[in-house]
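Lettered A, B, C, D and E in written order, each chain numbered from 1.
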Amino acid sequence: MTDVTASVDPPFRLSMLIYDRRYRSLTFQVIVFILVMAAAWWLVNNTIRNLAVLGKDFNFGFLFQRAGYDIPQTAIPYTSDDTHLRATFVGLLNTIIISVLGCVAATFLGVAVGVARLSKNWLFARLMTVYVEAFRNVPLLLWILILYAVFTEVMPPPNAYRGDDPAASMIFFDNVALTNRYTAIPGLGMTNDPGVLDLGARITISWATIAFVVVLVGGWFIRRAILKHAQAVQDRTGLRPKTWWKNLAVMVLPSLLLIFWFGLHLEPPSLQGFNFTGGVNVQNSFVALWLALTLYTGAFIAEIVRAGILAVSHGQSEAAFALGLRPRRTMSLVILPQALRVIIPPLISQYLNLTKNSSLAIAVGYMDLRGTLGGTTLNQTGRELEAIVLMMGIYLVLSLLISAGMNIFNARVKLKER
Amino acid sequence: MSEPITREIDRSQMQISDEVAIEIHKMNKWYGTFHVLRDIDLTVHRGERIVIAGPSGSGKSTLIRCINRLEEHQAGRIVVDGVELTSDIKNIDKVRSEVGMVFQHFNLFPHLTVLENCTLAPIWVRKIPRKQAEATAMRYLEKVKIPDQALKYPGQLSGGQQQRVAIARSLCMQPRIMLFDEPTSALDPEMIKEVLDTMIELAEEGMTMLCVTHEMGFAQAVANRVIFMDQGQIVEQNNPHDFFHNPRSERTKLFLSQILGH
Amino acid sequence: MSETHAQTVAFVRDTMLPPAPPPIAEAGVVKWLRENLFSGPVNTVLTLLALAIVWFMLRHFGDWFSHSVWNADSLSQCRQIIAETWGEGQRGACFAVIRERWNQYMFGFYPPALYWRPTMGFGLLFVALAPVLFSESQKIRRTVLIVTTVLTLWMMLRLNAPGAWMIFAAVVFLGGLLISERNVSWLLIFSVLYPFLGVWFLWGGSLWSPIMALAGPLLGLLAWRLVARFIPLLAPVAGAVVTFGWWLLYSARAARDAENLLSFAIPFVRSDQFGGFLLSITIGLAGIAMSLPLGIILALARRSDMFLVKSLAVMFIEFIRGVPLITLLFVASLLLNYFLPPGTNFDIILRVIIMVTIFAAAYMAEVIRGGLAALPRGQYEAADSLGLDYWKAQRLIILPQALKISIPGIVSTFIGMFKDTTLVTFVGLYDPLKSMSDAVRASVSWKGIYWEPYIFVGVIFFIICFGMSRYSMYLERRLARDHR
Amino acid sequence: DTLDDVKARGELNCGVNTGLVGFSAPDANGNWTGFDVAICKAVAAAVLGDATKVKFVPTTGQTRFTALSSGEVDLLARNSTWSFSRDTDLRLDFVGVNYYDGQGFMVRKDLGVTSAKELEGATICIQTGTTTELNLADYFKSNNMDYQPVSIDSNAEGEQQYMAGACDAYTTDASGLAATRAAFADPENHIILPEIISKEPLGPAVRHGDNNWGDVVRWTLYALIAAEEYGVTSKNIEELTKSSQNPEVQRLLGVTDNLGAMIGLDAEWAKRAILAGGNYGEIFAANIGEQTPIGLARGLNAQWTQGGLMYAMPFR
Amino acid sequence: MSEPITREIDRSQMQISDEVAIEIHKMNKWYGTFHVLRDIDLTVHRGERIVIAGPSGSGKSTLIRCINRLEEHQAGRIVVDGVELTSDIKNIDKVRSEVGMVFQHFNLFPHLTVLENCTLAPIWVRKIPRKQAEATAMRYLEKVKIPDQALKYPGQLSGGQQQRVAIARSLCMQPRIMLFDEPTSALDPEMIKEVLDTMIELAEEGMTMLCVTHEMGFAQAVANRVIFMDQGQIVEQNNPHDFFHNPRSERTKLFLSQILGH
């Protein structure tokens, strides 16, 4: 390296804090830091003083007290004797359940509608436009309330199914009853029950469930191997072996076997006393919320999908056609891989929105995290500061997890440019 | 804009057979009620190199795209390599795998490498083993002088290089006819030459070519015939020399004065 | 070249063919139907499906809508009218509830005698917006202004506004119209004053409060100018400190003193009397007006190369975007008092507005950041090389372009925020959707009415939001046409 | 100190139910009326001299206590039950009881249920964040019965769910049930089951440690009750101020002794409180009594002299 | 590519004073660990016109941007018009208002009209009254021969016109030194001449100019000195005649053969 003479910097003067680029930003940051710290100190100090005035403390001990209230729909066993912590966990699980189911359904709906809006069929495309605009321009809360009202006001009460000449009848071969409280669906019974795996804290998983998960995951890996093999054969001979029936077999056969093995069957619900029993009663609050979230988010996803497909220029499909690729292959080999890059990031932020919007469960009394920790627990214990801080923290973690996933994805599919 | 064509083409080597490659008969096309192509009659023999010129909007692109069935014609016949273009999917597939097309804006697939761009159609349409497809692709990439870029993505190449990849991609399907739609008009001047050189080389090898272009140097150097279109009709057909030096129609004269004058 | 080939023989067309009409299958209804509805089996199925959906909708809701009643005092009376008009057992919509509770849906519990005040405030809003939203087209501006003038004055008349205020409104409107014809940028002064005026019209009280509040930014500007002379870097900080300091410490006291000296007050209306669309629109507009500048600052901070500023901005934005709005509203209604000095208690609507603003600003910041990122580096360099400093470059070069690029995103953030104003129901405010409809249903005469209020509120929201999104599309198109 | 705050503000922030006919509900013009509302008005009259200087803050079962402890309201008069944990852990101070209540169940007549014991497996609407929610869980547990709770946020919602048949029974304070039923178009088709499964002493609450203010509210309440006991009504109060010979009435009305000064008010504070809506009995009769659609009998809430539990501490 | 320069410049009129406009002394710059500029020593006198040439990536742009402090140098000194470039903001501001810069991609402000582009900096930086700024701007727009486009937006102009606006915009700040970074390389051939003509005119008026360009015709016509850079170093400095006809370094020869040969 050549020898370097440092430029003769003038000695430090105070005015350089402001006029020198290097120090200026430092000065500014120090000022900002001091201001922020002062503000934070002010807030914390106020809080401490306010708590003192009220004679309260900041203490999460309440989480270990008896909750005392019941929750309509829980994913893990829960009674009023459990702690607030468990109630919180039940709520969190409910939040996660509705979010995941909502995201899955909204994705399917959104993709279908997004593609349909591009359809050449004038009427259908118009209809989809109406759907999308209607849902995008009206508050989600309204849709939640309306759908909930549809269920409570339009569906018959369970006792309408009673008697020799009932006013309502079950659908799907007497397997499903739509009522104004819940949708009663068949439960799963096993003649050959393999028992349960106890995870402690009264959380159990049926071995049957585990078996199914193992079989499905295993099937998925085998399917990947089959596809890989098909690819290899194609690379070698140019002809791609048909894989769909193998895939189907791998994915479906083992499950069928398991079903026979465990003697899995449906146990249809029946009306007993006031309500249906024997099956699973899915609360209307859940169904309405799920439907509303799905329809609302689906409308946004449809727009994203449409924009994503439109973002792939027309020339791409023309080039593919000109090369002799069929429309279906063009879609899978040329359009979709490109569209996905455009679609996925906003799609994930829709997932984020959906998760956050699920907190509107309060409007229909679905007990999610906000309903348990941020609702009843908060109120019964009077620990609003702790409960809200904890609740926000949990939502924040959920969101950060989702966006972390998004960043990883983005980094992977970035188009290489000059 | 027209760069001088550096290499003078050796026309003696190029054979035009009597075999008919494309036959278009009284073909008409409308966009809605707008009559874009009117009574087009054109016969292209194997090995011919035809340049199509004409003012903007005269239907040049549409004509060329009809030959590839990227657009549908509504009346008349188009027979490519003995196959008539109807709505029959099999015919369309056959024609498309015989006819290569190069677009103005290259239309490379940005998510695939150059090599993958070139092997995609051979593998999925012609069902050629990957190894073999890659070997072919490399051969054509060498031909267009960018074998070293094979593993890059299109976005990493210059315009001229991209257009050459596009040509290589079409060639990989080993077409018997090549269509070019203004292949150089989106390129910077210094890149035009690279692409024209590649096209001239193709011409020398006897490829049947239809080329929409405003590169008059190119037309004079390689074309057997120049077709002049206006308002959806073929107004004049001639050999390049006569076309440029002795145009007969008024419209052609006007057009040439605009193109060459500037 | 081999001259033997026939095809090389020259061809010249002497007569040009005239355009011919397309074959039947290529034109008219037949073609349209064929291409758009029945072009293939899949398409045909889709068409039938769509028709089925439309038919289903009509069958199930058609009669209900067509049997609507607009004139009744209670649900039972309405049902009776339906039974009488269309026969026993017929269903029908009782939109009479909207008619009867119209004022409540619009104004909440705002004192009826003062309805003219929000009305006038809303009308004047368009004068304030004219130089911002309709700045480019004289014609649109004129139309908008004339229509609002006439409508507002007419409604004020109907709402029994005092004569003095009618004259005031008329003068402002006509003045606005005149200025807008002459030199629209002068109207910007009114736009700046409007927020203070608007607040005063809505809440009332002493005129001195908005005046003293307005003094805050003015003093801030003065401080900025003064400090800028010596230490330009600290000038914005000084300005902000003076402004907020004034607001927090002196504004209220000064207003009180001034009021004692020279009283000028109109009746005060408490926040809890706000409700319905008045509440939604108040929160929405305030949120829109404040979230844009805040979002810009956040976006600039996030793109700053100062590590601390940047990380603070990132933390703030990600935190706000990571939690549901409803939890922020809870913070506003339940926790804010913990964070403020003991004994402070400030208006719940203001608190909600602040939270909604912060929430929207975080989203706005991301939208604007996208716009900033889309600007080529060359723009920054050109500004630098001309000697513009950071703030001037941002204000004159970067932001105007970045904001233009971001218009669609900004407007959809606005729409989202406006829709989210319905969530204030969870902190006990009377939003038009849930609280107001619950209140309506709580009355004996309208107990049991569900669909009509929801449909009504939904339609209003739809009109506003859809209008906003269409306007943004129009704006986008027009801006794209310009400068090209 | 809340008393000073209220005086300085010139307005009382009073937390009330979002809507429970008879206890607190806004009419179409946003005017609040009801049994709880009357307490707020009486306090405002006592402290500020004007019964209309009240800002009513509607609160749900979930938000009421936070509203109080965060200082958003000065006083919570929202049919809230005085319970141990609320008084201690939640840092509230219940200043007295304005209605002795108990939790009951309401069902449709055609359901054929006559006792809460028959509700095995029923779907029950329950407001979250209430004592009734906890009582319900305990009751069914101790009777070894199952039920399906439907969590609702406000009485309005409970009403909607119940009327739509989305729950078989609606449970809350018996007074709330009566009020709810009274608002139905067909009250006769609904019955309130005989079981009362808990004690629900409802009363106004202030923040813990806010003793001066607590005294003001407590003694305003007692003033209303005592007024009924001594026959002081809003009608005869002026007259009694002049003529009454009963020393306790004289003290109450500020004729002799200045009790008001002891709690930081003027001498006529109680008089104004009574004038605001009448004495306890008048308030009861006007809002929820047997002459109203709600039709509650005095029962436990009769004066102690009448065999009830209403017992004002002596004004001395 | 190089169009012939039409107007031969009258060098006799151009005076080079003894005054130093720019002095660069042992200047070094790194991007991260990459050493872009190494020990640059350069003295530019008032009125000099210097052309900087060199292969791509040799650091030409970086050098020129350092003079305007668009990039920071890490060692050595740069003194522009007597002001040393340090981190001191006041110095930077002073230098920037003395030095005009024209970029390859024009970097006009698309949301402002041509006139506004030209008056922006004078009004906001020099605090000149609008009227006066507009008058000056019109004068310079006339000089670059597009006064009639003053009210259009940049997007409505051709590339050559845009570049001339960019030059006018810089001139409106009445700089004493002008820096050009490949001002013609993004232009279509027919537009290059317009811009070069404008630059030649500037040169004739005695403006101190540093110009990165590959237009060798221009270099020969107007430059007092040509500087050849490679790998971040100044490899050769010479007057244009000797530089082109008698290059001393091997690298220069190689470079010239590439540039001129093609």
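Going forward, contacts are C-beta pairs under 8 Å (C-beta built on N, C-alpha and C of every residue); 3 or more make two chains touch, one makes a residue touch a chain.
Since the model is a prediction, treat every value here as computed from it, not as a measurement.
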Both-way neighbours, i.e. chains that touch chain D and touch chain C: A
Fewest touching-chain hops separating chain B from chain D: 2
Relative to chain E, chain with the most remote C-alpha centre: D
Chain of greatest Cα-centre distance to chain C: B
Rotation angle (°) superposing Cα atoms of chain B on chain E, nearest 5: 165
Chain closest to the assembly centre - both centres taken as Cα means: C
Rounded Å distance, chain D centre to chain E centre (Cα mean): 84
Chain centre separation (chain B, chain E; CA means) in Å: 43
Distance from the mean Cα position of chain C to that of chain B, given in whole angstrom: 53
Intercentroid distance (Cα basis), chain E paired with chain C, Å: 48
For chain A, residues that touch 2 or more chains besides their own: 24, 53, 153, 362-363, 384
Junction residues of chain D - those touching two or more other chains: 63, 66, 70, 157, 160
Contact footprint of chain B on chain C as seen in their complex: 1-2, 5, 7-8, 10-14, 16-17, 19-23, 25-27
Residues on chain A engaged by chain E in the complex (per definition of touch): 1-2, 4-10, 16, 19-24
Residues on chain B engaged by chain A in the complex (per definition of touch): 68, 70, 93, 96-97, 99-101, 103, 105, 107-111, 120-121, 123-133, 152-153, 155-158, 169-170, 173
List of chain A residues in touch with chain C within their complex: 18, 24-25, 27-29, 31-33, 36, 43, 46-47, 49-51, 53, 116, 119-124, 127, 133-134, 136-142, 145-146, 149, 153, 352, 356-357, 359-360, 362-363, 370, 374, 384-385, 388, 391-392, 395-396, 398-400, 403
Contact footprint of chain A on chain D as seen in their complex: 61-63, 65-66, 69-70, 85-86, 89-92, 111, 119-123, 128-129, 133-134, 136-138, 141, 147-153, 157, 160-161, 164-168, 207-209
